[in-house]
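Following: one structure in structure tokens, then a few remarks.
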Amino acid sequence: MSGDEAGAVGHERVAVLLEALPYIERFRGATVVVKYGGNAMVDPALGRHVADDVVLLRAVGLRPVVVHGGGPQISELMARLGKQAEFRDGLRVTDAETVDIARMVLVGKVNRDIVSAINVHGPLAVGLSGEDAGLISASARHADLGFVGDVAAVNPTILERLLAEDLIPVVSTIGSDAEGQPYNINADTVAGAVAVALRAEKAVFLTDVPGLLTDVADPTSLISAISTKELEALVADGTLRGGMIPKVAAALHAVQQGVGSAHLLDGRVPHVVLLELFSDEGIGTMITADPTGEPS
Amino acid sequence: MSGDEAGAVGHERVAVLLEALPYIERFRGATVVVKYGGNAMVDPALGRHVADDVVLLRAVGLRPVVVHGGGPQISELMARLGKQAEFRDGLRVTDAETVDIARMVLVGKVNRDIVSAINVHGPLAVGLSGEDAGLISASARHADLGFVGDVAAVNPTILERLLAEDLIPVVSTIGSDAEGQPYNINADTVAGAVAVALRAEKAVFLTDVPGLLTDVADPTSLISAISTKELEALVADGTLRGGMIPKVAAALHAVQQGVGSAHLLDGRVPHVVLLELFSDEGIGTMITADPTGEPS
Amino acid sequence: MSGDEAGAVGHERVAVLLEALPYIERFRGATVVVKYGGNAMVDPALGRHVADDVVLLRAVGLRPVVVHGGGPQISELMARLGKQAEFRDGLRVTDAETVDIARMVLVGKVNRDIVSAINVHGPLAVGLSGEDAGLISASARHADLGFVGDVAAVNPTILERLLAEDLIPVVSTIGSDAEGQPYNINADTVAGAVAVALRAEKAVFLTDVPGLLTDVADPTSLISAISTKELEALVADGTLRGGMIPKVAAALHAVQQGVGSAHLLDGRVPHVVLLELFSDEGIGTMITADPTGEPS
Amino acid sequence: MSGDEAGAVGHERVAVLLEALPYIERFRGATVVVKYGGNAMVDPALGRHVADDVVLLRAVGLRPVVVHGGGPQISELMARLGKQAEFRDGLRVTDAETVDIARMVLVGKVNRDIVSAINVHGPLAVGLSGEDAGLISASARHADLGFVGDVAAVNPTILERLLAEDLIPVVSTIGSDAEGQPYNINADTVAGAVAVALRAEKAVFLTDVPGLLTDVADPTSLISAISTKELEALVADGTLRGGMIPKVAAALHAVQQGVGSAHLLDGRVPHVVLLELFSDEGIGTMITADPTGEPS
Amino acid sequence: MSGDEAGAVGHERVAVLLEALPYIERFRGATVVVKYGGNAMVDPALGRHVADDVVLLRAVGLRPVVVHGGGPQISELMARLGKQAEFRDGLRVTDAETVDIARMVLVGKVNRDIVSAINVHGPLAVGLSGEDAGLISASARHADLGFVGDVAAVNPTILERLLAEDLIPVVSTIGSDAEGQPYNINADTVAGAVAVALRAEKAVFLTDVPGLLTDVADPTSLISAISTKELEALVADGTLRGGMIPKVAAALHAVQQGVGSAHLLDGRVPHVVLLELFSDEGIGTMITADPTGEPS
Amino acid sequence: MSGDEAGAVGHERVAVLLEALPYIERFRGATVVVKYGGNAMVDPALGRHVADDVVLLRAVGLRPVVVHGGGPQISELMARLGKQAEFRDGLRVTDAETVDIARMVLVGKVNRDIVSAINVHGPLAVGLSGEDAGLISASARHADLGFVGDVAAVNPTILERLLAEDLIPVVSTIGSDAEGQPYNINADTVAGAVAVALRAEKAVFLTDVPGLLTDVADPTSLISAISTKELEALVADGTLRGGMIPKVAAALHAVQQGVGSAHLLDGRVPHVVLLELFSDEGIGTMITADPTGEPS
């Protein structure tokens, strides 16, 4: 590269950094919970992008927390072990062996891969299960479902300690009850509950769609920003339906309980977290408590 | 129970507590690394006993750290997945898939079970892999063995933070290199290295034998206390041989690098850790830096 | 002792420690004010037992504070100095010389003996008079009684500092007014007031009776647990009378002002404090704020 | 802007941020002393650029300190007040009135303008004179020069306090002696001495040339990186001469006393500080302690 | 001096120190804002006295903050620069050049002289402008007056940090708006606002009169102590008039917003601050919140 | 008093305070151990003066520690109790009953009176015995003397904690051995040892003579300042003899072990401590490590 070209690149770099400055200043010290899932987690390249994004968030002064599930990976190991997955109302029926497998995959495989991808940058990430230090107390969702859990309580102390040490917690969504019995819990639900417990500024949900669409068939119908009240109306009148409903519920719950904003982002877009947080345009759907919040 | 009987029980309890008082005072604030393995880890009842012991150590002011391996459990999952274990010179040849399985079992199953057994007492334990926050840097032991690792360095910061918060770290012996590649490392080695890095007062190794025997066939030949110099002589002259050698090496290394004492205990004896630490007799082998150390 | 016998003793010890674990965990960090008096203070062996108990409480994580009086010892020195004790309504008339003698005995003799008995275990105890650092502000109880004082105010700062340093404060019940005039104050009253000021979990009063008896002549009529409301009723209807009334008043006051529970224990029973705190049965009378409190 | 264009811009921004990440991580917590002077200080636009750069350094975790002089501004006010500047050996002869004027201009005008430019971003900068809290102790350079000072000592405590509060100190190069007499001191010298006292990682000197040139007439003769030993040789053999010598001396001194690297940069290039610190190419001259340091 | 004479001097010194003891104890840790102005600031000897007083206040445990203006010095430099001062309703019309001059004089000259006079005693004082770290946010008082400012808000964080470091802040009364535009603000107003923001115990205003006089012509009509209510009445009925009104308004505002007392003192009397604070008689006017406050 | 007179008094007061300022600044934070004894302790008025002095030292930023004995008071109570004092080589033979009496008098009477005299000024003083928190470990001086002790070790932790809380420790010179047996120790010896352990700047010994006299019969032969070397010479050549020798030994020991200076002062002179510390002339004998120390 010639000196001039190098200079041009350098100047562009500087220009971008300076454009990012107001965002960096605005979010300094803010806690951001990133629910990591879907394709972003299956595609290794996308996974590295999310890791990079999370490291950058920390580098410029935010306090990211990663929450992840891993349904497909659980199913895969179950298949290899010749165990038949059984679903009821869309929820995996989870017997003792299944929750053991789920825990092994989430804590011992998916969590580890995220921690490793982050720690390529330095000794930054610490993997946690919801069982650690009483982080997530679980209760059974329904007797028929076995060890499928609900969040009974979140004790965020261990997260706060790690954040205070400038570390990045990565949380597997296994909770336990008072007897130490593990439960597998929906990761969106956990991410929302953790964001509330940490009084986070932002809860970011990675999905496999561009955000909320008023017409699923039409990508240009993306809702960039919406208030909780408006969003509840869209759910009530049936405009929003199907697979997004649980994610929407977790996001609504988080904002209604005090999280600054929730973001539904397309995890298939490389570096979508940075794109959403460090530009005015945003590229997914931002949910805020009142109609006139900051643009997504 | 009659009032008198209750009184008698009560008085006995008090007598025991008061007898334990000098030990409690002597070990106040001491860090103790407990290498957990062998039968103690396979038998659920023994496992609960170790968990109880560790919780009690913390309750009376010590700072326990648990380090564990899990060879049999790894072999079991490999078998279920139809993967043949291959050993060379007693070490498992570990290809990429095998280290993935080992990690899944250690971090996602064995570690979790220990954490759960402890956390029945309260939100006390936090599971860690050596990959977390740069805890254990690993290097390949030998090209032929694949991802079998040696301890290249221990960064005990995350352990010190958790201990300072009065938590009990439980460490799986997976380390990683600068690229994030995981390695499976011998648990005795890790326990010794962690004890050194933490400047621990004691390193306790649970085994399936009563301690060091000068004659393997004769349980009455138990060595109660021995100095590092004497122990090196016994290794040199062939008195000690076979499976205990790696454990002895880890214990020797720890004491020579500044750990107050190392203890080889019979993990098959319920509550063996408390028995060793809270009575003058001791019941295993204590290794100290000089011939006139405190009795095991 | 044979190895087997030693083993048996060891196992019993461990069993007791583990039975104590729930109590240790429940009371971790709790402040306990122990009013030391009566026979326990006159009999040197009992005195050593109380010192041992207090040291053990601290060793397992509680924060004990000892408060003591010393009527008999004051009377003894007065007799040796040929000074006639004069009582009015059961209270010693206290002229300037008498309060000087009382202070000398309490601060310079009784307090010292308690501190010494504790410090045999290490540099743990610090003797204090209520005059130190403004701990107890006193006012005259009645003009006719001279320097017999009431507690006007308790400034617990010095106690909190010493407790924060893991020390055991031993308090003589001398208070002073703004001019520095010392007053002799009833030790039960001071113990209750100090417990309230420290927001203690427990206030323990050592007496020379087994606890509260509904029939003084019948030791089997011991009340194990009672609520403040029930206790007030027993006082009102005359069931409780006589010498216990002042102690009962101090205990009631403490619990009504926020102390978790008050305990009236028989100081003649060796290690009665531990027996009460570390067993479910209890052996004295526990007073709590509501009828369904934890069993004494 | 169309969505696609916005997306393209966003992706570019993210790419730049990620490229900057290694620099941000490498310099996290590093102290950087920026000597601000020459054209960068006279041209308001360039001044704003330097302010922006300094704010961005802080935003991504560095700890910048600004040191400035202001010869031209001093001359201007002297001219308006009809006071003749007198120079001896290139140094301004400084009588009592002149040092008063210099101080007024530096502390009351130049410093203030820098502070204002920074504080447009928030309450970040605090202006200091070397007289504040004993920051710079001065001694007279030469009797003939009046109140032209040398740095006798730097007490960096006040700077460390402000940096610990996440503030940006802006230092005017007035020092004082024990009697409170102010002296005007060369700003390059002060910047170097302050960097040494703070054990800074970097000392950056803004100049009006591209850096060190082996041939002043040939901009392509720029030295990108040089060790202190090599630099001393170039000074000794006369390759480097003239106006750069004092700046070179301050830079050499800083690196020889432990500052990680010194940088001579062209203050006429917008955002030159960021360009140097956040790209591999660098654009000025970097001086390090040994020949194989990191590239400028 | 003979030994006896020396002894006599010594004893007198001790007597005075002991008389001062109750004042020292009463004011320990108290924040005192001293508005420095008028003749005390123009006469160098008086200036040194104020500096001495402030140093002594700190030495005996108070926390002094100095606030100063400097109208005469501003006028003088304007005259030297041939710039005509224009006043409207007693306020200087302040164009961009004038505020630049005012800032240069206040921050670069008057502030520096005060800091120097204090720092003869050690590295104690730190000069600040209201622009530093967002200390004083200003807004324009009236469009016709240009950059004459009102206090929009005080952010006392930087002052609290410096006080916590045992330093003496010296504040020039320049404020700035969000764009960094400086404003010149009345020093009495700033002193009152700073005292309120710091929740100071005392705000001391140095003037060129003995205090409040009910009859300006009669020095014996001095009001030693007055409540805010009484003072408001004297203003309302016209007893107080003229130049003191702004100072009275600042003092009233401070006390009404929670400052313990305001003091109007004669800055022409050497060491008037100490005379007022360390004697029962007082020598100026003390304003307190209620009629029965402590005597001035 | 007329206003003018009041003014005159005020001005004088201010003058004295300002003269004291350099001393206050020089001694800020310095630890001063005051050995209190002799007439100063028997005469109540002198006792109040010492208390006042100590309070003033603290008020202006020093950290005083009081150490006291009380031979005459011990003898008095022994006489009242009909116990014969027996001396051997000038040391009281101390049987178990005698040490009990000594402790009662020192800790319960003399210490209390000093604490009370100080606490008239506020909750400042805390009485301690050397037995508290392991402050003074004692050993028997000689088998024939019973419980007359030597200082075996000083553990100053409790003193440092109290000083850090801005409290004034008052220490009775009772030490104890590992079994808790109390010993009576010479107070000069304890004062010196405590000063060394605290790394005090000054150790002040109150006596009943004006200081060191080269001719005991001639008060004008007072030595104002002397180095340890010179002082050792005067002892060696017999110039100094008799009762001062033990005090001189304690002072020498303190200075030789690192205490800044030792002072032998006439406790009969009111406020002699302040007179010595806050005037250039001094009035007793100051002992420093080298011949050219600061004047007494």
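For this structure, a couple of remarks:
The first chain written gets the first letter, and so on, giving A, B, C, D, E and F; residue counts start at 1 in each chain.
Following the convention adopted for this analysis, a residue touches a chain if its C-beta (ideal position, glycine included) is under 8 Å from a C-beta of that chain, and two chains touch if they have at least 3 such contacts.
Just so we're clear, the structure is a prediction, and the values are computed from it rather than from any experiment.
Note on connectivity: the fewest steps through touching chains from chain A to chain E is 2.
The chain with its C-alpha centre at the largest distance from the centre of chain A is F. For E-F, the matching interface among the pairs B-C, C-F or A-B, defined by over half of the contact pairs being the same residue numbers, is B-C.
If you average the CA atoms of chain A and of chain D, the two centres end up 43 Å from each other. Centre-to-centre separation between chain B and chain F, using Cα means, comes to 55 Å. Shown for chain A are the residues that touch two or more other chains, namely 122. Arrangement of the chains shown, judged by which pairs touch: one closed cycle in which each chain has exactly two touching partners. One full turn of the ring, starting with chain D and passing chain E second, gives D, E, F, C, B, A.
The part of chain C that touches chain F in the complex is made up of residues 80-81, 100, 103-109, 111-112, 115-117, 119-120, 122-129, 131-135, 155, 157-158, 161-162, 165, 167, 174, 176, 178-180, 182.
Here chain B touches chain C in the complex through residues 3, 6-7, 9-14, 16-21, 24-25, 28, 52, 55-56, 59-61, 121-122, 270-271, 274-275, 278-279, 281, 283, going by the rule given at the top.
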